[in-house]
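One structure is given below, represented as structure tokens, and several questions about it will come after.
Per-chain numbering from 1; labels A, B, C and D assigned in written order.
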Amino acid sequence: MSQIDYQHVLDEITKEVQPLLSQGKVADYIPALAEVEPNQFAIAIHTVDGQTYCAGDCGARFTIQSVSKVMTLTLALQRYGDELWQRVGKEPSGTAFNSLTQLEFEQGIPRNPFINAGAIVTCDALYSRLSAPMHSMLESFRQLSGNAQVVIDKKVANSEYEFRHRNAAMGHLMKSFGNFNNEVDDVLWAYFNFCAIELNCVELAKAYNYLANQGKDANGQEVLSARQNKQLNSLLFTSGLYDAAGDFGYRVGMPGKSGVSGTILAVLPNQFTVAVWAPRLNSYGNSVAGIAALERLSQKLDISIF
Amino acid sequence: MSQIDYQHVLDEITKEVQPLLSQGKVADYIPALAEVEPNQFAIAIHTVDGQTYCAGDCGARFTIQSVSKVMTLTLALQRYGDELWQRVGKEPSGTAFNSLTQLEFEQGIPRNPFINAGAIVTCDALYSRLSAPMHSMLESFRQLSGNAQVVIDKKVANSEYEFRHRNAAMGHLMKSFGNFNNEVDDVLWAYFNFCAIELNCVELAKAYNYLANQGKDANGQEVLSARQNKQLNSLLFTSGLYDAAGDFGYRVGMPGKSGVSGTILAVLPNQFTVAVWAPRLNSYGNSVAGIAALERLSQKLDISIF
Amino acid sequence: MSQIDYQHVLDEITKEVQPLLSQGKVADYIPALAEVEPNQFAIAIHTVDGQTYCAGDCGARFTIQSVSKVMTLTLALQRYGDELWQRVGKEPSGTAFNSLTQLEFEQGIPRNPFINAGAIVTCDALYSRLSAPMHSMLESFRQLSGNAQVVIDKKVANSEYEFRHRNAAMGHLMKSFGNFNNEVDDVLWAYFNFCAIELNCVELAKAYNYLANQGKDANGQEVLSARQNKQLNSLLFTSGLYDAAGDFGYRVGMPGKSGVSGTILAVLPNQFTVAVWAPRLNSYGNSVAGIAALERLSQKLDISIF
Amino acid sequence: MSQIDYQHVLDEITKEVQPLLSQGKVADYIPALAEVEPNQFAIAIHTVDGQTYCAGDCGARFTIQSVSKVMTLTLALQRYGDELWQRVGKEPSGTAFNSLTQLEFEQGIPRNPFINAGAIVTCDALYSRLSAPMHSMLESFRQLSGNAQVVIDKKVANSEYEFRHRNAAMGHLMKSFGNFNNEVDDVLWAYFNFCAIELNCVELAKAYNYLANQGKDANGQEVLSARQNKQLNSLLFTSGLYDAAGDFGYRVGMPGKSGVSGTILAVLPNQFTVAVWAPRLNSYGNSVAGIAALERLSQKLDISIF
């Protein structure tokens, strides 16, 4: 696939999705997210042999939101290995409406590490093993993205914390079931800071390139073992897009993870990672133009893991 | 009914329930409750014409736990009237397992003021209107029970607060839906203090005698209007015993409210209130001997509201 | 209360509810019900000493629908006594949306005999003990109402049967849990015939007068024991109006049972039964004008069981 | 991968799983399934270039049960294309306990074509387009497996039909929501016959080889388009193993489908299909030794779609 003209494909896609940029709604549950200029778009590919391609607003930075959950899980797996699965499951969650319903029914064990409850409990685990969780997380992104200037958007983090009550409910519910070790508010503060890390699409695709590279970073260092990396990709495939994982797999055919800032990261194992960003969301909380762009990429390159 | 020898009936019942005093389990979700001597029993009647009858451990005090919710609701109705029903429903909750499930599905409006979420939101309403909520609540019980020495068991209140996480989850969930005005932890602290008020059966029957007396206290002062009082009794009948309200009505035929300390208060309108206490609970969290005693009372006196 | 001018009160109420007769929607889930002239109204009282009062469209007949469930339960209690409660519960159901959800969660044991699943399993029990269930049911209504001409509206029964699929789902689900003994479709056919019995308000109030009369019919014959009768009234109070039982008790203060034809039966123990009919329903499936009329009756006569 | 000694690998696996053959429980919800000799095991690979490898009880036939749902979906997609997705979803179901709960909540649209409700509604769609559904299904398996003698185990089909009530509940519930066009019992009869088709592992792997071969059968005929085939594999990956899809993907890394007879079919795109059979099931209804065998195959060959 090395002769593929990725740049041309990304340029085409960027043109084709223009009509979609005005569809959907920017996340507005916190003021800091609602302020973004809504019709932006960027898409970047980072290949396992180190090439980068980008089209659209390549320099624009955004908070990565739930895409940070993949790094949280990665850091937790480094420290806990399979022991982590005693505290969080590996199954798709089924329905959105019932985050707390399901968590109550399943006695405080979240379904998977990518729904909020699951990411928060993974944060709690990580929090217990890191002396400076926010510093460690920032350093991971700085090293993997190759940009030592990566920062946290504190305005977004503060705003998320102020409106934390649904997430706080999940934390306290897990604590009532004995599946939470630190103070709920402390862990939430770390969690919201992780979500508020700012990257552009090029940096995002590069930071997560180990997912496409059998778990190895650009220097060949092992971030995860090859086996863990396959497992993580499998979890992304079954649970990475909330209640739209089945449809995303059906249309795009790659593991992926979305965030409410309108970004989606997807992985073509052994080939590349691709990051897309367009702030307007569909009813599932996924980027309208982002999903369309990835679907086109899948069709144009005739790629799929199947 | 005035010629009834209530004392004789209570003495009989006290004898008859002895074999039940070793059945069931004392609440042990907090250490402070688990320490009670488990095989105690008391039952007291206070008639609307001011007579008191008691049998068993009449002087023994216990924290009234959820029976305090009736006073919380009374004080809130005094201050809000029907406006209160915008924040809490009037319907039975149906099932125990789903406190948070139902609260999430119904978007932060608890089913009724006697389930935990409903009592907590009622507390939140009351908290907004009282400068010293714990003082006001204590004073209400002191005046209505005729014992100026009524106190709060601070050890129990502290223990409940320490293990508050399920209730905290409910508070935060309601706050995420916009149905909570104060700090969750502040309201919970007041709530647990209300639950930790200590009374004996005689005092408890007397304090709530307005429920049997068309809303008037022993001095003829209106605590609630006659109409509000009937309405509150109706709510107790449909929702006072958690998930066993239907069975309690079927067997006992009176409105009632139970608490996890093993106490139950019941009302025979225009006749009397009756308070019973026996610490061991059945699987619904209601006193085994307490329910049996009230069922016998209902049969012996051939009473029922129907 | 014998000097009360019931007729005057019913006439007043009939005038007062006129503006409500155009509010709400006639049940239209089957064509046969949708055809009714929607703005009719009738209200009738039958006292325990045999007096009848009526106002409005007193002669108009309607299918009694779910009000038949009270007779089904009565006939089943006559034959099974407390053994019946092994197959159906005594608790309020909590929520409408989840008839099948709750039935699945509670493994085929319906919450109470007044929700559809509970009435259908009660029918199944009755079906096993009657050689001619529809004949027996008709005879009960003929004898108790004093009208030997009572009939079943076969058009309605056939239409209900044609659109039986949700009820069939409940029957098959109970059968899958071992809580159903006869053929699902056979029992449903009987059930729909019971629902399609035609009465007017006067006949309906008279037929169920035993509920107000300690279980005895007009001839002093025991339909239910006094104790069973109190128990049945308690069940009606906690579960007779689907998901609006709490609100109905709060506003009306009497046990009652509603049907989707727009009828409601209520009971003032030891005084009277009252039947009301007005076809337009609120969102809970209860008659708009019917509930308003009973609420006014409760206020005007200052009655309540509390 | 062509030099791999598949036979050696299958032989090894067959030895290694021996200790597991006595673990788990044979399905016993119908007598006909409970009668199987429980400790059997077979595993077969059919490669896209037409090679077959097998170890264990290669000749033993079993009813394919839910693995038939993949063929039902295939035949329905041939006839309806994307129109089918109006009647059934593409998302994982999340939880087992709630088949009817979820179906009720989502108003008669099953989550995906591999849970029972989804397979039944797919059958209903197919039933409307085939004059002889059972004949057509048999012919498909005969042609694709290369065995013209494939039959239906009528004893199993009859037994399933007799105990059909949970599935009948689903059918009637969908019909009540307007998502069912034929008679429920007729469609169930076809459905149970499809489930009762008898194959051995070699035939099963061969019959479904189009899933690994871009949608083409052994003769190069298109069963599904390449795109539809990728999509179907994606659906299998996210939903093929009921509530254990996430764990199966995590451990095995291939799309798959299991049946309660203890068989599992898995697909390595562009390489092979593999069928395994061992009757004893774990608590999710999946073959204990079957999953272990596929996990070992994945590890030994270092295969995964990621």
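Structure notes:
Everything below uses one rule, namely that a residue touches a chain if its C-beta (ideal position, glycine included) is under 8 Å from a C-beta of that chain, and two chains touch if they have at least 3 such contacts.
What you see is a predicted model, and the numbers here were worked out from it, not measured in a lab.
In this structure chain C contacts its sequence twin chain D using mostly the same residue numbers, the overlap exceeding half. Overlaying the C-alpha trace of chain B on that of chain C calls for a turn of 180°, given as a multiple of 5. In terms of their C-alpha centroids, the spacing between chain A and chain D amounts to 32 Å.
Measuring from the averaged C-alpha position of chain C to that of chain D gives a distance of 48 Å. The distance from the centre of chain A to the centre of chain C, with each centre set as the mean of the Cα atoms, comes to 55 Å. Along chain B, residues 105 each make contact with two or more other chains. In the complex of the two chains, the chain C residues touching chain B come out as 89-95, 102, 105, 111-112, 229-231, 233-235, 237-239, 243-247, 249-250, 253, 255, 267, 269, 304-306. Residues of chain A touching chain B in their complex: 97-101, 103-105, 163, 165-166, 168-173, 175-176, 184.
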